[in-house]
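Pasting a structure here, questions to come.
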């Protein structure tokens, strides 16, 4: 009890954990990062309804505060200031679970990896909050939306800050919850409700693996502290109950769920039922990166089990091409972006799989910004055309919504890998590393995906902004640019989409990011025998860059050819007939892409129909066999009673005969007993 | 030797004399002031109170009278008090039933008191002939009581069935007794026991004649206690009899017959228990099982309670089996104590249950069908509550007398181990099955709406008083079994 | 003043009885306030227990002892350790909540209802604090009667079938347990030179079991009997079929108590009596019980997926959740046992709340069919929010109390055997599936035609209803964030139980007896399956009212 | 009337056998004359009349046969050396019980109660049970050592009287109470209620 | 033969068995009553025989036999009164028609 009471005053107990250091100011700051949004959530959930249209002040304000604190902490971390140093700094709040030798402390730990994610999460989170003020301004559940968003921020920050596997798992589930709430935000829409449920359940599939992985870690190491357990797991010559390979795959299962990797990808496209800021924040920039973060966090474990890394790479790159293939034919603007997200996440996993952890985090950061930007743009588009999401009823919007158009164009260039935008650097690094680290097949597929990426992004641009408007005239007349509260975040986001790559990862020698993340990934690199090769701009590296740029160009060109372009002087109308002919020529591929390779149908068959039948059969079994047995025992008793009751004929002579027979039997048995006794 | 006028003999039989005189007095009072119920009842009650006082006064020390034919020991005292309470309660419950049917109370009380004199005689007899006579004195008035509602076809039908089968079984029993007399050459229980203990017929194995005698006696006794397969009379006689009589029949003659068993099988034939153990075990098992199974399907509460009474016989036989099956004298004692405790507990709870039925039948023409009980909890909440208590006690739900009694015999059976241990398991499974039909009555009382809205009846104070006593005992014997345990402990010691 | 020396525990046990008697004596109108007052008073006094409890000590505290039936050494002996105390407080809490929740729905025979409820509380508390096996049994059976009445009188349409099934099923197990209690006492007595003193005293029995131990045969029999009694109560697969029926028919508060407390009686019995007294037999049986628990976990969840009735769904989810409890107990390690206890308490809070919530709906619609519902979020937003909260708590959302217990059990079972944990963990998916399915059908979408037809009857949750749910919600959060509050409390109990028994052996080839038991269960099921398929007698789903007219004369 | 003829023939045959059997046995030396012959004849009469009691159609004749049966039994008692019992047998059974039964027959055998069927449908089963019972008893009796004296003992009336009023005084009194109870109850039951059903 | 206990006992057994047969087979209540009397007489014969042949019993045999007779008389009284009572209700002495109560 005492532990619990002390926990009510969190930081007083900060020194009961392993790291018994004097409290520094940063301990409080670190703790405040997740606590502020939690406070925002609680307040808004409690009184938000009364605040009505003013409900955004508290949550947005607190998130801005979080961002500010985060930036201080990030700065301190990355510059290796006092308590952080090279290895990072942790703070323990209280002992959460004291169960024998199974103890879990709630505490935070900030190192450079965390810092990198903090940048992405808090920045985009803050911008999305602001953006939402405008986007959601007319929605009935205004306060609810901000409450959920704050809950999400809390969960996501807890996820990246936690220093115990189990607390990560808690946050893991909580982001799942907030995702559920936000996808199903418009609960009256049946599709939204179904999508949210699907997201949560599919995530749970991955969570099972994660949970088992955590148990395995505990069984192997006796602790759930992230660093301690990793340290003892990667100790040389360690003998473990559960092989590391299994642990790595179990953790990866969790990552697959949250990051929507094949075959658990099905929830993410449906998740677009949520409001667009949600898609931007959760389903593009932050939550879906949790899987990448997890694998990166556990990188020594993976490095110690290289065969698991191959699995990661294979799943990642397959998801990349698989999702890209679907994105090429989707007509819903947000779905295109959703599949694009899947595909980009696949890249990141491929990077992790090949051992290029830094590259993966690099792409995570750049992708977070430009995909967030793209989603917010799409939101702005949807907003402007009055909640129309089908690109077939768009077109020519560039004139009406120029800021949106401009920022989206930047985002598209970034994702397509056009230098010197952010996406170019990060994607190029992934592909390059894959090639150099001995995974040419990853590189080859990756290149193909790059073509497809450039293609579907500019298909999207073409269909949305260029050419003629294909929707109803009355809509066209009312299209207008979004309010500044929405466009300013777009502009702000466009900046890192352009510059972040240059800043973090200029590929000449050790980049900034590499420098930052070196302490986190060093041991894994050693384990995997990576050697720092000289950067050869005019050798292998230059060739790879050239290939990347080339494929991006090819993709863009094909898209322009088919769907038109209106950039400055380059103007060309789209060729819908040709598109039609092309799709008719490859009907299977086209249909497969359009129908997302029928995975929804497959799962529906497997889990809803067959699984439902099975469950119904089991219920039948329960009623008829198990309960039937119980009832049969009862019925049998009753029946035998009824049968036995028939000897009571009512006729006294029958009774007497019964007695006489009983007498004879009795005599016989006594004689028998007597005979035996003799 | 002349025993007749011996003073100590007279002292020993004083309670018996008093009870007979009470019966006669009631008859005389009825002759002097005819048709005055209260006078007859008052006489009976006063007489029985005197009897009870005499029982207590005479008891306390062991008195052997009539050259060992008649012994007053703790067992006698305990059983006598039990019998007196049974008959007092029965008389208390009867008027409410008899009055609307225009049946006289005086004759009822007289015959009933005669019957109980037989039971008291059994309790004190240490002579086989006296046991037989006591048995007859107990059951003959019983036949008459069963047919007491003589204008009612059911009552007389039950009576004649009871009578015919009862006489049949008496003859069988007597035949068995004769065999024992022939073999042992004595009618004294002490002599018989000594004969068998010294290996007269027992040690070297049982002679065929003795086996025959045992078979006939067991059959006769099994009939009286309504053990399967000699139980046939029970449902018909119970259902047919006037309800207070049914109540009496279900406890008085049953406990009396068990008293006979204690005197005959335990005291006299105790040395042969290895021979009759197997029979008792089988009887107990099939008695419990059949009683409960058939009770499950009954729709008439009296008939259901008749089958339940059969089942309870089975439980009591478990105590007897524990006595016979145990090698440790302490455990044997436990078995007998269990039997006695069960007898007492069963008497009170079952009388209580029948009293409620009788009270419901205060309006002539009301049957004892389950429908009668529909909505009782609402119509007459107190009666419903009490009935619930008695039924729960019969089920064996703590903290009631029935529970402790059941636990006690089961404890004895568990201790005895072997086949008797299996009997314990059969007993509890039966108890679970039995819960169904007891609970069914509760279902009707509380969970069904009344078939017809009839106004609550006014019940006599006597009935309420009697119910209060049975209720109190049903609860107290369950919550604080200690005192009674001491008593039955001493009683059992007298014969074990 | 030392709290330990006051007869507080006895007061907690019998206060409700006093209240019941008071209600019986007072007029009908005072039944509600008196009942609530009594329950609240009991609750407060039980909190005093909590305050005065010394969590460091492993021995029983607040003990009270008096000879009852000296002849057999049967005593009135009560006392609490952490486990008991936690469950007692859970009981007192949920009782007043249930009574409060009954104010509106129960309008008929309110006196009898309240009396039943308070006596029920006496029995439940008694079970948790009895330290004499005989006394334990008595309280155990006392619980049956009021529940029987509560379901049977104030229940739904098919209540009589359900209540009789409930009672009979429970009785079968408990009566065998009585035999086992008596046999154990006798074995103790025989081992102590025929002296009965202490033969029913739990502490003495436990000490005896720990030192010389009971004979193997007795252990197997007694454990088997205890197992049956407790397994039916928990209920473990395949003894669970009474539960859905009982829940569906019981009134709301009855369901709450049934789920929250009554099911815990069985689990408590396992921890308190079955394992410490018969450790060898427990060890022998453990593999079979673990198999059954894992089946229950998965099976309950799968069957819950297809339930058309809200209460049935929650009932089957209880089967699944309680599977964790039995699993945690019988893997015999600290994580498992602590998790099991935590799960017991959390299941009590969460499922209790879910039944309250179902009751809220039922009170307005008089229906529980999921298919008829829909769109409640629009017309009952607060209700929807609270409902969602408990749905996620039930689904084991971390941060809420359901998670920690489940996870601890899983960790324990992973230590025991990873395969067991792997199978059991899958329930996370299934639980999310059936709970969210229910939630979605109920809360989202447009208001269903059925509900729309109710018009203004469909009011949002009332303050009194919130009052019943708020404490539960608060506790769910508190225990989710600070599970140590419970874990520290019960550590002593856990340690003393585990000291008596070796860790369970992994399931490889189970010993012959449990294997035979499992085989028997399987055989019975197969036999029944064959009869059902061959068109055997159909199950009488309604109260058996066969057409056979038993010809009994309409006699006296 | 072949049926009545058959009955007469059968009866004659049975009587013939009954007479021939003791003579034959005596000739063979299995029976000593005197008591043995008397015993045997009385036993024959006893069994024969008992069989008639349980088989005859007309219940009044059954009652008469029973009187014969009891008379024969009294004779056997005399042979067994219990003359007082024999006397009591005559008084109680023939004098009281039989008459009582005959009265009851008169009271209950109305025209409306025809004697259609003498036997229950289970007569065969009853017969088998009775035969088994008889055989079992006979076998048992034969195989048991009763420690009996070789020569039957005559019970002097004086001895019996002494025993009766010393050892048996309590049973004696009990029997009187029993009879009182039976009479009180019997009178109540048999008494016609005024205004009751006829 | 008249000096052999076995002969008396067999005779008693026969009488008892005949009585049993009558009791089981006859339909008329009074016939059944008579059968019971036969059985009791069989028993009495056995008792008297024991009195004659068993040293320990001597006069006891006769005394018991007298008691049994008295009991038989009492039984007859009771039985006949019941028969008469039921006859008033049912107008038939045939016992197998008294089967209103069964199962």
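Per-chain numbering from 1; labels A, B, C, D and E assigned in written order.
Going forward, contacts are C-beta pairs under 8 Å (C-beta built on N, C-alpha and C of every residue); 3 or more make two chains touch, one makes a residue touch a chain.
These figures come from a predicted structure and were not determined experimentally.
Fewest steps needed to get from chain B to chain C, stepping only to touching chains, is 1. The chains touching chain A as well as chain B are C, D, E. Among the other chains, the CA centroid farthest from that of chain A is the one of D.
Note: the chain lying farthest from chain C is D, by mean C-alpha position. Averaging C-alpha coordinates per chain places the centre of chain C 70 Å away from that of chain D. Per-chain Cα centroids separate chain A from chain D by 103 Å. Mean C-alpha positions place chain A and chain E at a centre distance of 96 Å.
If you average the CA atoms of chain D and of chain E, the two centres end up 8 Å from each other.
Within chain C, contacts with two or more other chains are made by residues 168, 550, 552-553, 555. Residues of chain D in contact with at least two other chains: 120, 122, 125-126, 129-130, 133, 136-137, 140-141, 146-147, 167-168, 171, 175, 178, 181-182, 185-186, 189, 196-197. Residue positions of chain A with contacts to 2 or more other chains are 634, 638, 642, 645, 648, 650-654, 656-657, 660-661, 663, 667, 671. Looking at the complex, you find that chain B touches chain D at residues 1-4, 9, 13, 20, 23-24, 27, 66-67, 69-70, 104, 107, 110-111, 114-115, 117-118, 121, 127, 129-130, 133-134, 136-137, 140-141, 144-145, 147-148, 150-151, 182-183, 185, 207-212.
By the touch criterion given at the top, residues 136-137, 139-141, 143-147, 165-171, 174-175, 177-178, 180-182, 184-186, 188-189, 193, 196-197 of chain D touch chain B in their complex.
Across the complex, chain D meets chain E through its residues 30-32, 35-36, 38-40, 43, 46-47, 50-51, 53-54, 59, 62-63, 66, 69-70, 73, 76-77, 79-82, 84-85, 88-89, 92-93, 96-97, 100-101, 103-105, 107-110, 112-113, 115, 117-120, 122-123, 125-127, 129-131, 133-134, 137-138, 141-142, 146-156, 159-160, 162-164, 167-168, 171-172, 175, 178-179, 181-183, 185-187, 189-190, 192, 196-198.
Contact residues of chain B toward chain E in the complex are 129, 132-133, 136, 140, 143-144, 147, 150-154, 156-161, 163-164, 167-168, 170-172, 174-175, 178-179, 181-182, 184-187, 235-236, 239-240, 297-298, 303. Listed in rising order, the residues of chain A touching chain B in the complex are 634, 637-638, 640-642, 644-645, 647-648, 650, 652, 654-656, 658-659, 661-663, 666-667, 669-671, 673-674, 677-678.
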